[in-house]
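Naming follows writing order (A, B and C), and every chain is counted from residue 1.
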Amino acid sequence: MSDLERRIRALEDRASIAELIASYGPYADAGNGEGIGSLWADGGTYTFDATRLQHPDIAGLVELESHRGLMAAGCAHVLSAPSVRIQGDTAVAANHSIVLVRRSETWVAERVSANRWNLVRTEAGWRVASRDNRLLTGGEWARELFAL
Amino acid sequence: MSDLERRIRALEDRASIAELIASYGPYADAGNGEGIGSLWADGGTYTFDATRLQHPDIAGLVELESHRGLMAAGCAHVLSAPSVRIQGDTAVAANHSIVLVRRSETWVAERVSANRWNLVRTEAGWRVASRDNRLLTGGEWARELFAL
Amino acid sequence: MSDLERRIRALEDRASIAELIASYGPYADAGNGEGIGSLWADGGTYTFDATRLQHPDIAGLVELESHRGLMAAGCAHVLSAPSVRIQGDTAVAANHSIVLVRRSETWVAERVSANRWNLVRTEAGWRVASRDNRLLTGGEWARELFAL
């Protein structure tokens, strides 16, 4: 691979990972389990609170009573633009996620979390190997996800 | 066009669209109608609530009583990093927008919306052909904007 | 430099600046002063409210009583994807920052600011020459940071 090609590929990697993470929120709010599932690698995990889901069960997230309740109320899963470190065929990304829920006339931030994403290059492109999501309630436990 | 050039152009397309969408919020909060107008293609539309504005009238958005009220109170039009699908000379993007308004000592999320952007490559670069913005109040009507 | 190389470099510049700004939030919430400090150029400044910090003192931000209080309560420094204009070896970026703080069972937006970043290409890559952060409380003073 030429030097220019290597630089283009590094840019493509970064763009693909940004797109992967940016598509989570719209999928979640649309209740699109299949879309969410497509972001993870085989056997990949999504861990939040006391729950750990593993691909392909992650698609079932949108059927959870808690998720259906959010959608019925009116919700937005907003993810911030991630900080991404790529090393060959793996990458680590950190960002925030906010779940805003419609209550009366305004929306309330009912979940605000630190997220760490371990990503892997597969034959089908970049996928999530694991995503850890921890509520930022003041403890070191959540903050340590931001120690890249 | 060589293969490398094609890949570079795909990256440039993605970067241009990200920049276009990222510039909306600062323009809106600065009351810069001309800046907002420059993002849309000739005849392009912006539809929100029961309002549909068409270019070049979109620039007048910042003169609306409602917009002036938000600016006087202190507001932030925050747009999340979009998920973008490009096909040749058109593209579709999905993201969230949040309007935070200063009330007493804190800011309240008074609008939280799903957004779908139809974009078009023009001679002057990428522009918005249509933007649909619908409040996420629990109905399918808003969520369907996220069905890409 | 060939035309293709120039285009690749422009894309790399944009990606580097996006990464720089995206890494601020996770560093701030993790209390990582060294990480924050590494984003600024020698002599670079960070101005917010009535405070102006200068590199390398910016790293001390996380030791401020105010910052420690936010971390103890549970906080998220969320930065929106920036609009970026690059000209040679300098660049200007504009975006929002939101500080969400855990209060009772939800998170409250206690700071919502306009940010203008002046960036400079150094031998070590892009760094912040100055960042200005002003609360969006309705005054022209904050909004003018968005006049790019």
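Please note the rule applied: a contact is a pair of C-beta atoms (placed from the backbone, for glycine too) under 8 Å apart; a residue touches a chain by one contact, two chains touch by 3 or more.
From a predicted model like this one, the values you see are computed outputs, not experimental measurements.
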item	value
Copies chain A and chain B - rotation angle from C-alpha fit, nearest 5 degrees	120
Copies chain B and chain C touch via same or different residues, half shared test	different
Chain centre separation in whole Å, for chain C relative to chain B (CA means)	22
Residue list for chain B, restricted to those that touch at least two other chains	4, 8, 11, 80-81, 108-109
Residue ranges of chain A touching chain C (in the complex, touch as defined)	4, 7-8, 11, 14, 80-84, 94-96, 98, 108-110, 112, 114, 135-139, 142-144, 146-148
Contacting residues of chain B [partner chain C, same complex]	4-5, 8, 11-12, 15, 18-19, 22-23, 25-27, 29-32, 71-76, 78-81, 100, 102, 105-109
